[in-house]
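The structure appears right after this line, and notes come after that.
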Amino acid sequence: MARTVIEISGHIIDSLILPKVLDLIVNLGADFEVLEVEVGKRRADRSRALIQLDAGTPELLGQVLAKVKEHGAVPVDAESETARVEPAPADGVFPEHFYATTNLLTRVRLNRDWLEVENPEMDCGIQITARGDAARTLPMHRVQKGDLIVVGHGGVKVAPMERRVPREGFEFMSSSVSTEQPKGLLIHEIADTMRRVREARGKILMVAGPGLVHTGAARHLVELIESGYVQVLFAGNGLAVHDIESALFGTSLGVYLDKKVRAREGHEHHLRAINRIRRAGGIRQAVAQGIIRSGIFYACVQKGVEFVLAGSIRDDGPLPDVVTDTLKAQDLMRENIRGVDFALMMATTLHAIATGNILPATVKTVCVDINPAVVTKLTDRGTFQAMGLVTDVEPFLRELCQYLKPGASTRRPGAAG
Amino acid sequence: MARTVIEISGHIIDSLILPKVLDLIVNLGADFEVLEVEVGKRRADRSRALIQLDAGTPELLGQVLAKVKEHGAVPVDAESETARVEPAPADGVFPEHFYATTNLLTRVRLNRDWLEVENPEMDCGIQITARGDAARTLPMHRVQKGDLIVVGHGGVKVAPMERRVPREGFEFMSSSVSTEQPKGLLIHEIADTMRRVREARGKILMVAGPGLVHTGAARHLVELIESGYVQVLFAGNGLAVHDIESALFGTSLGVYLDKKVRAREGHEHHLRAINRIRRAGGIRQAVAQGIIRSGIFYACVQKGVEFVLAGSIRDDGPLPDVVTDTLKAQDLMRENIRGVDFALMMATTLHAIATGNILPATVKTVCVDINPAVVTKLTDRGTFQAMGLVTDVEPFLRELCQYLKPGASTRRPGAAG
Amino acid sequence: MARTVIEISGHIIDSLILPKVLDLIVNLGADFEVLEVEVGKRRADRSRALIQLDAGTPELLGQVLAKVKEHGAVPVDAESETARVEPAPADGVFPEHFYATTNLLTRVRLNRDWLEVENPEMDCGIQITARGDAARTLPMHRVQKGDLIVVGHGGVKVAPMERRVPREGFEFMSSSVSTEQPKGLLIHEIADTMRRVREARGKILMVAGPGLVHTGAARHLVELIESGYVQVLFAGNGLAVHDIESALFGTSLGVYLDKKVRAREGHEHHLRAINRIRRAGGIRQAVAQGIIRSGIFYACVQKGVEFVLAGSIRDDGPLPDVVTDTLKAQDLMRENIRGVDFALMMATTLHAIATGNILPATVKTVCVDINPAVVTKLTDRGTFQAMGLVTDVEPFLRELCQYLKPGASTRRPGAAG
Amino acid sequence: MARTVIEISGHIIDSLILPKVLDLIVNLGADFEVLEVEVGKRRADRSRALIQLDAGTPELLGQVLAKVKEHGAVPVDAESETARVEPAPADGVFPEHFYATTNLLTRVRLNRDWLEVENPEMDCGIQITARGDAARTLPMHRVQKGDLIVVGHGGVKVAPMERRVPREGFEFMSSSVSTEQPKGLLIHEIADTMRRVREARGKILMVAGPGLVHTGAARHLVELIESGYVQVLFAGNGLAVHDIESALFGTSLGVYLDKKVRAREGHEHHLRAINRIRRAGGIRQAVAQGIIRSGIFYACVQKGVEFVLAGSIRDDGPLPDVVTDTLKAQDLMRENIRGVDFALMMATTLHAIATGNILPATVKTVCVDINPAVVTKLTDRGTFQAMGLVTDVEPFLRELCQYLKPGASTRRPGAAG
């Protein structure tokens, strides 16, 4: 029999944290007694609860504590606990009991101080510097023998996302996969968010699949790039190939985008486009040599937008710019998400999930796809902050561009209707 | 052993009719010998083939003949055959061996003349007038005891759809369920078709589901109605209720369409809207009394657009205008499709399939839905002329309206890009 | 400025009722102060909260009270309030301010007594008997001029569903639309539930679409009927037609279910099947006359299972047993859901939603479909108690039958693995 | 003005090749005259057509010839033409006018001999050995400066797939994405095919996604491996991780597969599983060290099944066995498909498409997924020989295993019913 007392505070009732913690305790096989609850009298006030935990064994108690910690519940006597570290036993291998991270803001206590863990990312370990003055997430493949890694749950604190009650903006998105919604207002919200981010000199990340080109939406993305609404672009070989095919031949997958006819031998255009860019040495070189004169990647090069093209086994070619090693591609993506404030994922499952895996939970994320399953997959895999919009990407981007045009009214669509 | 010789003519090679007929013969267990083929030397020319059929039994031969007839293959000695008729044995019951219709143009031979069957519709019988001077399709529930009904396949000829090789227009649509297409051009085609139909004083039928209102697309449909691009509207209680809820309360399913917030008690708005229209006596009365002052049905009443609201078991209320008997609703729909040249089905499965069931194969049909399964279902059920467009209905209608605006250029989108 | 004090009690914290009520108050534009909270010390204990409400106007206060009432929050002084009634102004029309029902257990206070409203059903009115000694839900189309109908929210109390924390059974189903789940255990749960219902002499309702026959699953449903696991069957013309086509011709939609080949002229089989049953006078007559000797409806007739065949505008024929008037069909469904303890909906959207509309929230409901959208639609439309299982209906029913076989172990699958 | 005469022969009418060729000619802007047609008198006979081509320019004529060649149409004077080759201008770069391959059987004419191109694969070049005595496909990334590569279309012949008229087996599959089918028979067909392949000592390739483990289907795959029905397995990190998580912890994504409860801290299980295998050095080492004692990959190691784990950017870890470079992974997959006779793809989009990209069109391929879009994507991308089965993978594999059990009857299911 083991017992301790935990405390949770914050907007624990209207953010549903208290009920979730009580659920967890019981589900894990322990018991609880609510010793004290102070509910904030008003919406703005914080609440606080003291809960006594009883578990059959100290092990179970430990497990329960580990779990409820994800929701910000800490033992009242835990503030004094210090994180334990162990050296990694080999390159690419964590110590057996490494602390596995969430994508939430996390702190570790070392030498009496609570350090914020740099670069929150799920499914990593926490590395402590040799001096013990800094902590950062470390993906498994980058750990080196001897690196100091946090083990166990002691001395680690997580700041739970307090789901704020939705007010005006993004309210609908909670029911994320519905296709029967007035979408104009959501798109307006996204435009507002992007404008605010840019006014504050923040970074916007776009993650895009090749469907953008096939559906004729590339010109809208070009417009956003040229207007300064894209700082980073993540994509695969496919998006770049079809964008460049379009720049070189006017076709996408062999189809003329401005007519309805298949190009003669058009199915080979994407291969010939790849071959020419390989010959030129890469996208930047092809732009410099005047081979590519339009399109998404032309705009990226002109405007200095960072892009990461991550390889996949279904790639043709690929283009020289594609990072064919998936671990190197991940690491490059990690570097480029630093400082991102808003992420917009469009018409891609693979790249959306891969990006979701490495984004901190604090980055506002919107995922747009005509297939509801993509949105569901993304949130199922832990990117719970992602809001989904089930719609066709071409009209979505067209409308988004309209709202972001310099002279565009910030009045809501239909507000006068 | 039974043998006969059949002839097929027309664009039998490039419309794939010849290979299909040969397939059928073998699949049914008979054998064939190609006696003669004259292939049109040029694309515009017609071809002609004489094929000898051998079947194990006269019954099998009859079955094969019945089947290949759907593709326009007729026995060379069949021109002299006359259709057989039998009286219906009871109200609502066909004679056992009634000829079951397709939705293709059909002719029956009576008294030496080939009569065109009126109102082609699939899965009906063919009724012959007492005088034998006219033939028309008859749905099963409308046959009356003693009506003369065609039995067997003799003396019945079907004009197969010669799938013309797609050129410019609608070419893409063949691969109907793809979501990765440049859709702007297809929408442009649809606009062109609608404009041509109206210039020729033809009729356009819209079939629409309630998603049109939820997604904020109703105002586009209103615009089309006001511009004269809708002559008939088929829908259910749901579309009308949410349109009227929107006219009365500004909400759809309790959601304010011009804000993102749920109305207070908004979930009841649709019920209160129904109740008020029931009290007024119906939609037309409510318009006359000034209760309904905007929306789709207001526009229909103002512009004299015929509408049929067909009942379903999931209806609330329903509105007094809803035809709750499904057979009466079908019959009313049958009356209203007379003379329709173009049918546009949007965001509805039930009404799209029900309409597809009664449309002749000669009516150009486009089905728009964000869910590819709807389009697949429609064509699987025999409405093979339907072309599908997998996209979001609100931006679809918005774009369609732009192309149909009086001053709108008829230049293709992107043609200059 | 208007103020009152409301009380909520029960498992208000772990069933998330308290936070939802606080959310609602703020969203509606009112303010609150939590006066008192007693949290149950243990899981089994009930909690209680007193909350002071402040609203800008008495109207707003009324709206807030109406809304929070759905979650069981009642003004502390409300116990003394009596429901107001008004006579219906015309046949089929409720008084303007009629109380619109939920599908939850509801009570109204008349003459000092709290009466339970019979037959909870959403989107209805509440009729009070002339004597004021009984209350029942009344669909809009059945109200008659002068019927006494509850208006306003005073004197009406709703018992909110306390979402019990999922334990063993059905736990997964919360994330209802996922396709990536071990489904064997869920099917085992469903079998257990069905067995328990039958042991208690309860009623099981099956709602089924025609896909059951096309996919070869009909024989499993026959097995369930024969084993006494079906008391009521709701379906449409399609299921019956294809079942009878299969009994008469061995085909479904013209495809031989035990071979892979299309029947000769098989596309007409369903029409000929309908015609023969029409001639016989109906399904029961056709069974009696020896025309139908196998299949789902043969089994229903033999075992005395009640079935309701509701008409729809896409019906061919239809069979004489089909209730073509949708209001009559709804009413017949209403009669037949009395006493149902468990509802299993398979491979149908229309009938699942229509049934969901009339089921009380207390009936355990499982919806099985290969298309996740069906499940989403059902719960979006208010049947929130429905748990979804996204899988193929034929293997689902096959496995369910295995678990329900008389000798079948009640051990969980894989428990030994 | 340019003119030539082409010949096509074979089952050109019932395999629809003739109409397609005529279509192509006209679509490309050329004109034709049918000089001669000999239609096979019987089904087994081959047909032959001579067609005169007229094009406005020699360039257009060349394009038309290039295109119709894919369907086996060759200029009557072409048999004497020889393939032209050019050296690759740089590593990884083809000559500008390289011949882009299809996945069909292809021959090139060198020194008067027609050589069969080894390893048919789409979207590659054709490399000729220095001696000119052999030809093989070469993916773009593997070409080395100076390699001799075929350019233009002269001297290249493709054997078109003659779509045989479907008879018994796989007939349904033509309408591949329908979810409303009796699937038992299709699964029986697949089992028959697998049995025949194994009796002839052929190779079976399985391509599988992680959903196999989540849905509890892994044990069926284990059974197939142990019974010798799997020679090669293509998958990603995910399948292996969840299989090994299951072997080590009994969970998949933290869910106990034989209960319905989430494991305590189960969400970390997959990370801990990866970490342990990384420590062990790899899957084979972990099996040897007794760490892995069950599951798919245990069975693969025991039975000597080749497996390729291809990396992707969404991988956690990954396992040491994962080939993180996507080009190396592709090349390893290419090696392992040599000699494969049958490919079964289950519950994976990425790996199915990547495998489809490199498979010759002659390999029978079946793609099983609960999502119809996966099957559509696969065939849209050129793997037109793939037949789709839209169903749930767990019951699919369960049923397949039953049919493949040593004592299993080869009688068709339902044949006695």
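The chains carry the letters A, B, C and D, assigned in the order they are written, with residues numbered from 1 in each.
The rule is simple: contacts are C-beta pairs under 8 Å (C-beta built on N, C-alpha and C of every residue); 3 or more make two chains touch, one makes a residue touch a chain.
If you're wondering where the values come from, they're calculated on a predicted model, not measured in any experiment.
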- Query: Farthest from chain B in C-alpha centre terms, which chain would that be?
  - Reply: A
- Query: Taking each chain's centre as the mean position of its Cα atoms, how many Å separate chain B from chain C?
  - Reply: 33
- Taking each chain's mean CA coordinate, chain A and chain B are separated, in whole Å, by 45
- Task: Among the residues of chain B, pick out those that touch two or more other chains and give their numbers.
- Result: 27, 179, 261, 371, 373
- Pick one for the touching-chains graph, please: line, ring, star, complete, other. complete
- Using the touch definition up top, name the residues of chain B that touch chain A in the complex. 168-169, 171-172, 179-186, 189, 210-211, 214-216, 219, 252, 255, 257-261, 370-371, 390-392, 394-396, 398-399, 412-415, 417
- Note on the structure: In the complex, the residues of chain A that touch chain C are 13-16, 18-19, 22-23, 26-27, 31-34, 37, 39-43, 49, 165, 167, 175, 177-178, 372-373, 376, 380
- Report the residues of chain A in contact with chain D in the complex, numbered from low to high. 27-28, 63, 66-67, 89-90, 92-94, 96, 98, 100, 123, 140-141, 261-262, 264-265, 267-268, 271-272, 274-276, 278-279, 310-318, 320, 324-327, 329-330, 333, 349-351, 353-354, 357, 371, 373
